[in-house]
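Listed after this line are the structures, all set down as structure tokens.
What follows is chain A paired twice: with chain B in the first complex and chain C in the second.
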Partner chain A sequence: MAHGNDRSGFYRVKLILVGIIFVLGVYPWLAPPVYFISFAFNVLTYITLATSWNIIGGYTGYLSFGHVAFFGIGAYATAVLGARLDLGPALVILASLPAGVVSALVAVVIGYPCLRLRGPYFAVITLCFAFVTELTVRNLDFLGGADGLWIKGLAMPIETSRSIFFELMLVLTVVCLSSAHWIETSRFGAGLRAIREDEEVAQTMAINTPKLKIMAFAVSAFFPGVAGGIYACYLTYIHPDIVFDVNISILIVLMALFGGGASWVGPLVGATLLTFVNEGLSTFVKAEFARIIYGCLFIIVIIFMPNGIVEFLKNLIVKRRLRTKFVKNKSSQLLS
Partner chain B sequence: MLKGIGVEKRFGGLTAVTSLDFEIFDGEIVGMIGPNGSGKTTLFNLISGLFKLDKGAIDFQGFRISGLPPYKVAKLGIGRTFQIVRPLMELSLLENVTTAVLYGSSGLHEVDVARDMAMNILKFTGLDSKFRNFPGELGIEGRKRLEIARALGSKPKILLLDEVFAGMNSKEIEGAIELTFRIRDEYRITVFMIEHVMKAIMTACDRVIALRHGVKIADGPPEQVANDPEVIRAYLGESYAKN
Partner chain C sequence: MNLTLTLQSLISGIMMGAVYALLGIGFSLTWGVMRVINVSHATFGLLSAFVSYSLFKTFGIDPIASLVLTLPAMFGLGCIIYWLLINPITRAKAVIVSSMILTFGIAIILENLILLMWGADPRLLTTSYTNKVYVIGPLYFQYPRLLGFVMALVGVSAVQFFLKRTLTGKAVRAAWQQPEASQLCGINLKKISMITFGVAIACSGAGGVGMAMLYSFEPHSHNLWLIYLFLVVIVGGVGNILGAAAGGMIIGIITGLSMAFMPYQWVNLLTFGLLMVILVIRPQGLFQSEV
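So, the complex of A and B:
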């Protein structure tokens, strides 16, 4: 009986999700102000980044604090590919796919030595990796150095071009979320969770932990790479300060943990909420105050909802349900 | 089946295992006893690949396994439990065992099929009614059974049990002894176990190996080893070993 309920609930959720995606897809063509399209584009970018971070950070338990590097590498790889091959504006966008592959390859190379480290050591070394990447790009002339790089923009009104980029990012977000969901329910995901819980035990369970970790790291670097490519085309100009901004790295981690790292829903909710909060604060309050409020908010969540806001709400609902059941049983006992 | 030749392991100045030879034959239940610090768990860690040997070699079914990483050793069919139980705390019992099945030598890669097999193993170890529970909700006996269930999930040919009986009451010990026999007879798995509970050693084991300071001091049927003067000296001291 419970099984049947699960199933119909599952289909309902699926239907709702498809509905949301459809509404989002139609939204930019309803001629909203450009600002709203850009904002929605940002939300989607952060959802993609947080979700892909969660594959290595949440499922596997390796907190990467340098994920912005993969975003930046994707952006630069796209720009360079576009310039070298002299691609037209539409083809440059496609270059973000190979750029994602470049990011994933970098992750394999970096992950091989770094994934031997655990906990804070891994966090620090990934942070360093991001800094080193940024400095390298800043000092290489063929990457534009400190001047940044220009990318050919689409020759059309800004509303239309932004709408197109929004649609592209929407596709990437949906693919990214589906991949995360697939990983969660697959053999691969089961192995990653075992690594998160106890890596030595995972090894005695015949799990090839080095290989799995590198695969997870590569997947979680691929999507930021593609996102970086789309972002670069969207901005038409990239600079180390923008696409290697360390704040992005930290924000991604906060978003995923805020929502909860155990499932794909966490980063989705966390990234959406925090982008709204961020935008609201920076519009209505001074930037300094905004940061303070932001920090406090995060402290509160970590202390009172250590498993993220999604788990917290879920437990709340379960508890309420149990309580009503208990009260019902009690009252029926009293009556009889 | 499992054979060690001149196995040696040093930690700095301390030699935990000294040129140890041993052999476990197919279908046996072999016990390993010895006072604290005699190198029993170290030997298990050497077999399962968590420690690297300093000297000697370990063969499994004629295949050199010393030097292989733990996951390869496990894949070849050597399962183990940990003395201090190490369940995957945030996974349910079913998920714990399913993960083991998915990566073990059964070759099942379909999550649904693996889950059914995991359910059978939970039933075998008497945990099926709690499959949705988390390890933190089990008592010590339950957790030890979970360790065994997870090890069985990988479908091993030999199972290394590290003090499974410690911390159980006598009724639970009887249940666990029965489980040990069933592991060998129904799953056809050879068992090599470290144990302090003599009742378990005497009833379950075909053969007992005794260690002291990393050196093998006795190897034979349980009654013979239990009465061996060398073993008594190791446990109780010189004065008790005279008669």
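So, the complex of A and C:
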């Protein structure tokens, strides 16, 4: 394919994306029912979480089963900062940025010893890390313990405040997706892919693997931290059961893998689809059945589409195109 | 520190540890032999615990006696699961990681099936001998714990005997050490893997019944059991049956002592923290790994 053609295709995609973002940005001001704003907020939250997970889990190949810990740390850091500095309701949201930094710092501290472990060991240690953080928060009294923490809400109608949080989450999601896209095309991302394919070879190629891994882990912890902060302000109440729910960890992993971990499109598609499926299932069937279907999805993804649904569909389309091409050629040959 | 209390918690720790070991050997086996991390291992144990609970409640069959029924059933279930789900991914590039995610799916399905069938209430296996106690001097030996201990001893030795003395067991070990060469010697790798998986699931069934005699259990308990499994296997060394037995004892003693001398909510924190520390310091396990 010619280079120019490729570029124009790229611009078209970009234009479509800008259009989608614009429509989403305008969406809450069209005064839809509050339920739809909340639902869209949830979709965006999961997109952010899955995309940021993908930086360490998909690009680098280090499966973190404890990413919810960073989400929870962000939520708690925001709440504590807001309470300690006595910030007003409007300013508490700003505390989610330093909360993201706190998450990233925790990731650096945890990642330094843990990222030396590979494959299943890393998965286990991150799962343990999530449990440890949850239990610690639950047992520390100044964090509210098992009672949870309250955050001052915005003193305005629920539609307006929800819309504001939606816009904030939209900004975060766009930033997160563009960072993921940037990482993918940069030298940094190439280094991460090299680590995923073969870490020893990457090291012999003079790639500073420990540094890259820790950087990737910190970046992938930063966004959940900020998202946790926004989520905490949005709920105005946080509890270890809500923000440290292990199911969120599992859901993030499933979403990213379902979409496909190789590119930023995968988690975006996976998170969007699965949040819709989740919402549909939880309104129409019993929660147990919904979770059984989730379990089946895990199995189907691993056995039938190990590279994710995006790659799976792409392959299908390419195959079909090839087939029609082949058949056309053959028929034209026959005619001549 | 009170000497009697220390001794007492040491003894109950060893007895609990034996049951952890029984639950853990199958996990260690699949991980070591087939490179499959079966995250749903504990869930299968939980399933067998619930089944034996129901058998006990409706037909009055003693949990130990019902093992005659449940163990073959679990073995068959393991073989079927292997044939349908695990076999297709054994040729994948990253078997370990994909097996983890796949079995995670199995665990979710099983947990929710249990929830649908038995409900979310915590259960307790209360048999006629649950409250019976042997008293030797100042020390108490609770009957169910003793039974669990004996069961674990029998189970671990049976698996060890199977691996070291029987032809099939030797084939399992050969398949682990040299997959290609063992096939050249006429070992059917698929069949051996299936048997291994079945044996592992049967062990988890026995271990689950053992756990049910010690603790109350509910559909979510398998998450905690899973952490114990990882602890036992990682302390004992992957694929090492006697190591897993020793690892189980160590973990049992640690939890037994910490339960006696620490506030309850910190015990789990200690367990998880311990696993993290061991993983960072010595991920290959405390003992030399051997088949």
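We take it that the second predicted complex is superposed on the first by the 335 of 336 C-alpha atoms of A that agree within 3 Å, B and C clash if a C-alpha of one lies under 4 Å from a C-alpha of the other, contacts with A are read in each partner's own complex, and residues count from 1 in each chain.
Methods note: a residue touches a chain if its C-beta (ideal position, glycine included) is under 8 Å from a C-beta of that chain, and two chains touch if they have at least 3 such contacts.
Just so we're clear, the structure is a prediction, and the values are computed from it rather than from any experiment.
Enquirer: Where does A:F71 make contact in the superposed view: on chain B (first), on chain C (second), on both, or on neither?
Expert: It touches nothing on chain B or chain C.
Enquirer: Quick one: chain B or chain C, who's touching more of chain A?
Expert: After superposing on chain A, more of chain A is contacted by C.
Enquirer: Identify the partner contact of A:I303: answer first if only chain B is touched, second if only chain C is, both if each is, neither if none is.
Expert: Second partner only, chain C.
Enquirer: Contact-wise, after the overlay, does A:N139 reach chain B, chain C, both or neither (first, second, both, neither)?
Expert: second
Enquirer: Kindly classify A:Y46 by the partners it touches after superposition: chain B alone (first), chain C alone (second), both, or neither?
Expert: A:Y46: touches no partner chain.
Enquirer: A:S186 contacts which: chain B (first), chain C (second), both, neither?
Expert: After superposition on chain A, A:S186 lies in contact with chain B alone.
Enquirer: Under the definition above, what is the set of chain A residues touching chain B in their complex?
Expert: 185-187, 190-191, 193-194, 196-198, 200-209, 262
Enquirer: Please output the residues of chain B touching chain A within their complex, sorted ascending.
Expert: Residues in contact with chain A: 48-50, 69-71, 74-75, 79-80, 82, 86, 88-91, 95, 98-100, 102-105, 109, 111, 114, 150, 153-154.
Enquirer: Can you list the residues on chain C that touch chain A in the complex?
Expert: Spelled out, the residues of chain C in touch with chain A are 37, 85, 88-89, 92, 94, 96-98, 100-102, 104-109, 111-113, 115-116, 223, 227, 230, 234, 265-266, 268-269, 272-273, 275-276, 279-280, 283.
Enquirer: Where on chain A is chain C touching in the complex?
Expert: Its residues touching chain C are 63, 113-114, 116-117, 119-121, 123-125, 128-129, 131-132, 135-136, 138-139, 246, 250, 253, 257, 286, 288-289, 291-292, 294-299, 301-303, 306.
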